[in-house]
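Shared chain: chain A. Partners: chain B in the first complex, chain C in the second.
== the complex of A and B ==
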């Protein structure tokens, strides 16, 4: 006797019920799979974004250092500034390979609801903390006053290329596009980069710096250097490892909550199968009775019910994994709006190991859900069931 | 069963792809709708894509290739209660100093000569630009020249904005493109369905 065929036929006899039960499992597995994909993707993405930053320490004005660091990575406006004197003091500390000033501000045009994030940099230094940057065109010189480099997303949105000109209405100045960054996958894609002095000038903040990006020679000495930096008045220090840790902690709390929801979804899905199987067994008790009367043993009945349950669970598991793979970008766009900090790279990474986990969960659900219904079915007496139906 | 399943997965993936295709969005619908169609009570968005022959036709009428990211066009159907009273199309075009985003309001009237509805420009707006001559390009003196134009109209009688010739030409090109897209993806499809 082919039990697989029999199990499939039995399930197909009650198509709607089978499909609905499969959907319950699929949704639970979809959430589980998405969460697993997010767990890997988010951490990898964030770590790569922080590594790409190439900065070991960020010296920012006193205030909330994490907020400042996040604003700098994101491109926000920090109302406090450091002076160039602070930069000199920072550069004199032993163990610092490079300390490069950053000026950050934004131009908001209310009538067009457009925000242009301006990064003032010294390109010859800044590129050392951005080793991943690839530029089409050329970098400007520090004393250029009408040159600009733009991120890849800016170039796409504004339809600009190397050699084009870009005009900032509220500044009243035209800049020539010297270079367009190749897509970084990070926040840099959305920024405009100007020579430091020019950026300071247009915002009337000459000699002011938003932050100092610091690269150190030996990463094991990061603690000592941070202490020395904190001795400088007006400066607060934040290491990129701290930023990474804080963000991961924030997201970790949310993840625990979501895992609880997934667990509940899985329990509900399992109970759904148990319920379906109980109803099915009740409806098929005469059939099971005849099945046993013509020679099937208790183990055969158990095997059949377990197979039916497993088929439902595994199909649900596969469907959930496929849904998660196909709808990952939709979920990602939703998650981006909810979590406190989202790196620009993909948050959801597809891993075959996760498919394995999802299917394994489905099998476990299938076996658990089959235990009681199969025992119940096996315990049915052939004589009684046939007599009752008559 | 297998084909159905493949179709389901295919359309799901296609729908996801469309959600992320590059389109010029309508940024200020609530504000613009009052300027373009003062009697409007609402609008519905329809995303239209073209077939290969339709693309060929659009490009041949336009005399230029569609941009790589122009895989779909958003048609904003304007309603007064339940009656369709017009259409809004948007397009982003390269100007002199960055992108210019054009919003075109289209109306239609019955043409007794051709015994069909003639689609014409009811109004035109610039929703975003970086132009030095932005004020002139956004002026009614310039934009009103487009009112009443149809897909068959000539545009060489439009007076260019002095000092912003490249941008003016870009806007004309953008408007022509939208009229052609409307003709091919909307008017001609309706005719074929009839």
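== the complex of A and C ==
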């Protein structure tokens, strides 16, 4: 017989209440743990995705540059275009290693209810801003008119391989798959890549460019180059660091909102536990009185109540951590639906440090929730409690 | 005060406020309790026997009077000497074992665990042999691993006595210990008290059952309206 065993057996006497209290803590910890995992995972994922992009600056038509940049990153269509004169002017600026045009549009097949995102590129240039690309097969030439490269996800979904043919009914044309990209883990996995001129032709936008991807020689000169680029009348520049910052800011606002709600939920949860402990102690006045009559001091009573609460809190903490580990995917799919931009990589990363934080939090909740009830219990007079019950 | 007495009370008084009315539950009681004797406090309901036992057992503090336990001053209204709650706890741990009418065993603990509970609070080593001896003394061999719900009322009360004995107390306070028992089990419990007193443990019990008190106790203290009503110093 020891205090731990006594505390544990006491909890077993009120199984349903104990289980419900544990579930309350587990849910609070699940939410906390998920948020912590999201905080780490999202930022890492987004940063990696931006790095994989390999582009330092994106030149886009004047209008709404950050939105345009975000759309371009994940295959959205913007209704404004640059032209080849702009591209020529950009290319003449000192310090630019490469400026390659991108044409971006979508094909919607009504019958199949399928949207295909088409990227028009010059592969010999574009691969320089995508150093991480690995291709099974071969790149097409700039003047090819019936060749296509597809992302890994497209190949998997459409069951396509090198040498297969892709037919777009609304375009009325068949393209031969020259290459399939190995999985990038980013948005490129879901795109079709055509030679620039062919992409412009099928959308009837000859000579039009959605954006110019720019790689510069020296990253420290990014500010000067951006200024020179902005002197060109038709364009606005967005550095990828700005895009990253904008998205992180947007997500940060959403996160602050979620954190506020979670904080309120955690406070309510903690008060719930305090309430449960108070009710339990009220019901156990006689038992506490008996403990004191048979020799328990105030410290023993406080110790017992805190131990009981800690057992509940720690079990709840562990359960909450396990739940978040197991249910992370579920939460991830929910979060993807509510945040402004979700990278393709895992948003939730499991870190043992987070388990530590979650357990530590549950212990803090436990101790805080137990302090007042245990002091209240210890202050009970043994006789008063016994007499009231009789 | 005399060393022969383990408890000495002089003009012990306990008032309660009930609304605007002042109730004297114990009104100036003086008793001297000899070590190793079995005392039965008898009287009708409301006579103050339970309140007096609670005062003598350091479970409650008097309103006035003097109280010494084991030669230690617990309360003296003349010198304003009053033990703190912590001292009362330590006095209870040092001298007393308590037995209640409703047993108050913990339902999730086995018989052995219930008996060893006071040792946990007293920070004493739990000696399984000692617990077995207590079980044997109380006729509870083979019941050590049972839960209270598996015992009869008489057995439960004997477990409660075992719990009181675990810390080797000098005094056992038993408030209406037979109130929930049939006459056969009640007699068994009083027989145990008698044996304990013969071993040198002082037993103070409150009971309605005068017959039982007469059959087993060494001394009977009759109370009415908070006062001792019979015998020299209230003891006959």
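Keep in mind that, in the parts below, the second predicted complex is superposed on the first by the 389 of 390 C-alpha atoms of A that agree within 3 Å, B and C clash if a C-alpha of one lies under 4 Å from a C-alpha of the other, contacts with A are read in each partner's own complex, and residues count from 1 in each chain.
Everything below uses one rule, namely that contacts are C-beta pairs under 8 Å (C-beta built on N, C-alpha and C of every residue); 3 or more make two chains touch, one makes a residue touch a chain.
Note that the structure is predicted; figures quoted are calculated from it, not measured.
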Overlay on chain A: chain C relative to chain B, clash or fit: fit
Chain B versus chain C as contact partner of A:256, first or second or both or neither: neither
Partner chain(s) touched by A:322 [first = chain B, second = chain C, both, neither]: first
Partner chain(s) touched by A:165 [first = chain B, second = chain C, both, neither]: first
Chain C, chain A and chain B - angle at the middle CA centre, rounded to the nearest 10 degrees: 100
Touched partner set for A:290, first chain B, second chain C, both or neither: second
Which superposed partner A:330 touches (first chain B, second chain C, both, neither): first
First, second, both or neither for A:220, with chain B first and chain C second: neither
Touched partner set for A:9, first chain B, second chain C, both or neither: second
Touching partner for A:112 - first (chain B), second (chain C), both, neither: first
Shortest CA-CA distance between chain B and chain C [superposed frame, angstrom]: 19
Footprint overlap on chain A, comparing chain B with chain C: none
Contacting residues of chain C [partner chain A, same complex]: 54, 59-60, 85-86, 89, 92-93, 97-98, 100-102, 104, 106-109, 113, 116-122, 126, 163-164, 167
Contact set on chain B toward chain A in their complex: 9, 12-13, 16, 19-20, 22, 27-28, 92-99, 127-132, 134
Chain B-touching residues of chain A, taken from the complex the two chains share: 112-114, 156-160, 164-169, 174, 322, 326-327, 329-330, 333
Contact footprint of chain C on chain A as seen in their complex: 1-3, 5-6, 9-10, 12-13, 286-287, 290-298, 300, 381-383, 386, 390
